[in-house]
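See the structures that follow.
The same subunit A turns up in both complexes below, where it pairs with subunit B and then with subunit C.
== the complex of A and B ==
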């Protein structure tokens, strides 16, 4: 099954490009560390998923590029073509000249309806190119105007046009000390709207990735390109082919569906966080060895203690003892910093994955009580190493990972809303105070739900 | 030999003049003849004529001029009411023509002074026309405010009358004061002549020079000062013209820096003022650039943003500067700045890859800050000094369409604006405690 990627706005297009780059470079690499047959299987599965091979020389990414100003898309298209390994379909792009001015209302209420037909036609064309459509993956930032506003509108249109397809929104959480002054408004409006049409939101926080680049990757003068490459690596580690069942004979053909099934049992809980281990500069890889027990131990503690990366993990945080049974709505027996999960997915790639002991992730004390721990936790594996890492593990978690960031964003937006600052910029394009209130209410509900886990 | 590209197309048309006269537009490919997307308006001919005889004569389309002979006599009413009425149709027609040549018109820049008659009066008339005829296009106004020692006696009247128009019809105003420009020019001269530390300054990197552009044999007295403003506009539009990892368009500036419609006055600063000829620029120098942007003597009006209240701040960086440099400096400078309570982290940032000519990097800071208030209160005081004595009032009132109420409404508008800034300074923008959040029934 194939995934159609919709790249929205400057952020969406810049990241999308790095994602396809990372995927392509992975399948062309010679560090698969597995049999030739395995490697070919992996490559074929990956190509079917992300690329279309028409009569052209290089694979064409299954993607639609959308932006309200032309510069970023032109750059993205030309950089891809220059790689020589893959490219975009030149016709799968839509741009305008004006930009959205960081205004969610402009993206959602003006650009959206105005360009709906053209954009959806492009999506339809890409969908038709797939033998079997596995769903949509949209990439956008919450802070600006196009990715956020137009992105929310397009997601709604995708839901209307493809009611039975899976939609996964990849959302970039901006730096908390501001890239855009109205980013908290844009974020609140985006999240509340996406929640209605999307199946799940997979979140990357700029602050977190920035720290990873600075501390783990040792990058001194960090550019957005560096940040985007780390994000792309993390996404690749989730979406490259895997076996979803023990002893499976084929690479899974329905990655988005599988993801939703394992991680989103209830529509009130759609916020997914992503962690990846190990993460280090390429030139250090040769000198490092990893053991699965070590990696798993770290990953589990990252989950429990809500650590953003493998350095600075708080090892004091432990799950509560299961003996003391208070109903889970009273979280008083849970240590304050403990991160409660609804469901977790661990993805293992590389050497000896078949023998890894994941029992620690099945510990019922990690989870809420609704799901049988056997259902709350899943593992996908492949012996094929990813992107030169001999062993790597990714964790996609539906847990309280994003509770604090969400609460922060809503808090700041509410504070600004109370003073009515900038509201005139939104009402100018048709988003009224009541719309803001609806969004706030929806998100307070989500916060409340995740808090009482 | 040059190629006509998107960057050039933002400010110029490319016209095929080989057949003589104004030929069809050429949209891509080599530059044939560049024509500025501009309208030049003056009620006397001296300045415009000089431009048309100078090295830029081919750039300005002779059909895009509106001139008269006698000038406006430093009288806002003459500019606004008399000439406005007389030239309205002509102005609209020429504006339509120039707008038609644009694929996508995003913004008008109005460049004028506040103290005289034409720039102030007719200029604000044009502002009104733009709002009527092109309501969806942003109106950015660069206004030169008169100083206390201005030799035009009626400049307070003209400025206050113009302020009302700016309050009501401009999207964003960048006030400029000659005093500040003058100080910056002096600072640069001192730097060059002192030959400090034996380092030499790269000539074409001066913020006062029209680097890489047409050079006149003799520089006129205001040229250095005007070039600073020119560089301001270049930096402001750089992200719209060139690529970068975090683009910042003009409509984003308006969106992020104007929290309430009337509070749209932005204090600007440009750094660095010059580049030393040393090749290596350690990051300490980079950080110095950020610090300078907030210092009093880099602002283009007499104001000190560091000691007043910020409503919002934008940083547009050009050149070899990355997001980590930006973040590091914001973290470093934040503690010494005062932000309004509902916008504690109110930063808007942009990264453009292409630096200005002669520099490896540069920074434009735009602040919506209560430090503009003194400029306005002083203006009001000077106005009241004249108005109380009814000095020179008759020159205005005898113009058709001018009444006493024009004056009282104008000063009232200015007073209201000053009061809004006072309110912000007093309350720091918000209640003592954070407003309580919505409660959800569990």
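== the complex of A and C ==
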């Protein structure tokens, strides 16, 4: 069961490359800490999922690379080939001779339709190479210009061409003090369009990753590569093979389907946040020991207090005490900073995962009133350690994690829209004011749904 | 019923029929029943589910101490109603591995829902379910369906590969390729023993079924004979009527056999299990290599249909033979008339 990755724009291509890198180095490592048989199953499952094995060559990533400029794609292709462990299919790329001016509307209304057939042909070819298509994983930035507009359009095309497939959009949330003036407009337009076509939006916030790099990873001179590697590590910890059923005999062959089913069956709630623990520089790993109770405790508090990483967690925030007589669905009796969840997925990798007590995640007070923990909480496990971490846990959460950032972005965009600033850049290419209003309405609906949990 | 029929029912035929029935049951079920409370209850509920509405059966005690006649009647009802034996044969058939289920029946949904009323049960506040939970469940169902769909597509893709790679290797020139079971046997030849056992068991069942089919009319007549004990049983009557009607129908069908080719073709509504078979497109077509190849469905047939068809064909061939013999005799008679002192005596 294979996932086809669609790397969109500069951001998508750079992150995509790091993701495949992280996955490949994980399966070639000797730190699996499990039996040889287990390691082989893991490796086979991973290869089926992400790579296509040709006769005598290195595995080829199941990916389509799309960008308006040729520079990033060529860099990505050559870096991958240089690794010696894997590479991309050279033909599986689309780019134009020159860029297109960082304009969302241009990407969505002009370049998208113009190049739709070529791009979809590439996707179709990759899809056919799979014995079983497990779905699509797109990587893109939310606030970029052409990449985001094109990405939103491509996602729509994917949905039209593959109506029964799972589509997961990985989006990079821009720095709140970002450089692009119209980034909030772009974000609003991207999000509202993706919400219609995709099944789930998995979000990484640049601000958060930046903090992780600075504080946890001790990186002084931060580059985009460092940021992307942290993101890749977090994604790898979610998408590497796991056993999704208690006592399962085989690694799951349907990761996207399993993910969707546990987290986003409700069409109004598609925003997913990701937390990972532990996160530290590689050279510190050898000197650190971890205990599962400690890791789980921290992860749970990160969820409840909406902490972005394992340092600086607010331990004061506690779930509301259940026992109020009215089964109300309003958040009036919930403490202000408490993060209510709809559904959570915890993924455990490494030593002694079978003995981990996850009872604290099954506390009903963590969840919204209309879903009980039996439906809302799931755990996936594997005894195979990931990326040199003896024990690691990831949390994919459909909760109010992104409520505040979303509200901020929509608020700022609305303020700009009120004075019609920069709108002409969009109307010039066919995105009218009405389209903006539709997008605002759609996102206000999402905000409202998440607020009244 | 004539006196001749009556005499058939008694005596050796009855015991022959019963022993055939018992041996058939033994072969098909291959278990010995020890009646337990649960078994009686589950038999009753299964009969109820299938629509058996004879109250005497449900009043039977749960220890299996009484009611063998009622059980016999219920069993006969199942035989008739569910084509029980054919279903068992189908289930115990050795699988090729190429099976898939097909349904091209027209969607009758709008009609079938006419009878369902829109009365929503009255829910108190305590029973209220948050609509978001229902939406959640609906979404899960949708995703599970998608996963199933993807799995099914994978199955077809892999089956295509097996058929493509084994094309031209099979003894059967028309089919040309191996089935999944056959391919598996090539890869793991030590499994032949198991396959052989299954095939032998299937053959035994088919033979037992044939034996049953020959004696079946006797069984029904015997049941009807005892009808007074059971009261009115419409299905028993219909079975006897069925039997004679079938004889009439067969002779009519024989006569109409030649006309079928002039009629409009029947719309093929497929439903049930089919075997997927590889057929390559016409080599002269322009479409790409190995890309679009069609699969034909070879429908599963029921044993009764095959028997009936073979019987019809046998009767038609016999008729033809009789006709040819007549013609021969006539010709010989003509020739004999022409010759002096020669007479023709037919065998």
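Going forward, the second predicted complex is superposed on the first by the 446 of 453 C-alpha atoms of A that agree within 3 Å, B and C clash if a C-alpha of one lies under 4 Å from a C-alpha of the other, contacts with A are read in each partner's own complex, and residues count from 1 in each chain.
Please note the rule applied: a contact is a pair of C-beta atoms (placed from the backbone, for glycine too) under 8 Å apart; a residue touches a chain by one contact, two chains touch by 3 or more.
The model shown is predicted, which means the values in this text are computed figures rather than measured ones.
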First (subunit B), second (subunit C), both or neither touched by A:1: second
Which of subunit B and subunit C A:369 touches, first, second, both or neither: second
First (subunit B), second (subunit C), both or neither touched by A:164: second
Touching partner for A:194 - first (subunit B), second (subunit C), both, neither: neither
First (subunit B), second (subunit C), both or neither touched by A:261: second
Partner chain(s) touched by A:411 [first = subunit B, second = subunit C, both, neither]: first
Partner chain(s) touched by A:225 [first = subunit B, second = subunit C, both, neither]: first
Subunit B versus subunit C as contact partner of A:122, first or second or both or neither: neither
First (subunit B), second (subunit C), both or neither touched by A:132: second
Per-residue contact with subunit A, leading partner among subunit C and subunit B: B
Overlap of the subunit B and subunit C footprints on subunit A, listed as residue numbers: 329
Subunit C residues touching subunit A - in the complex, by the definition given at the top: 130, 132-133, 135-140, 142-144, 146-147, 149-151, 153-154, 157-158
Contacting residues of subunit B [partner subunit A, same complex]: 6, 103-104, 106, 243, 245-247, 249, 251-252, 254-261, 283, 311-312, 322-325, 327, 330-331, 334, 341-349, 351, 429-431, 434-435, 437-440, 442
Partner subunit C, residues of subunit A touching it in the complex: 1, 131-134, 164-166, 199, 254, 257, 260-261, 264-268, 329, 369-371, 375
Contact footprint of subunit B on subunit A as seen in their complex: 10, 14, 69-72, 75, 96-103, 145, 175-182, 210, 213-214, 219-225, 227, 329, 410-412, 414-416, 418-422, 424-425, 440-441, 444-445, 447-448, 452
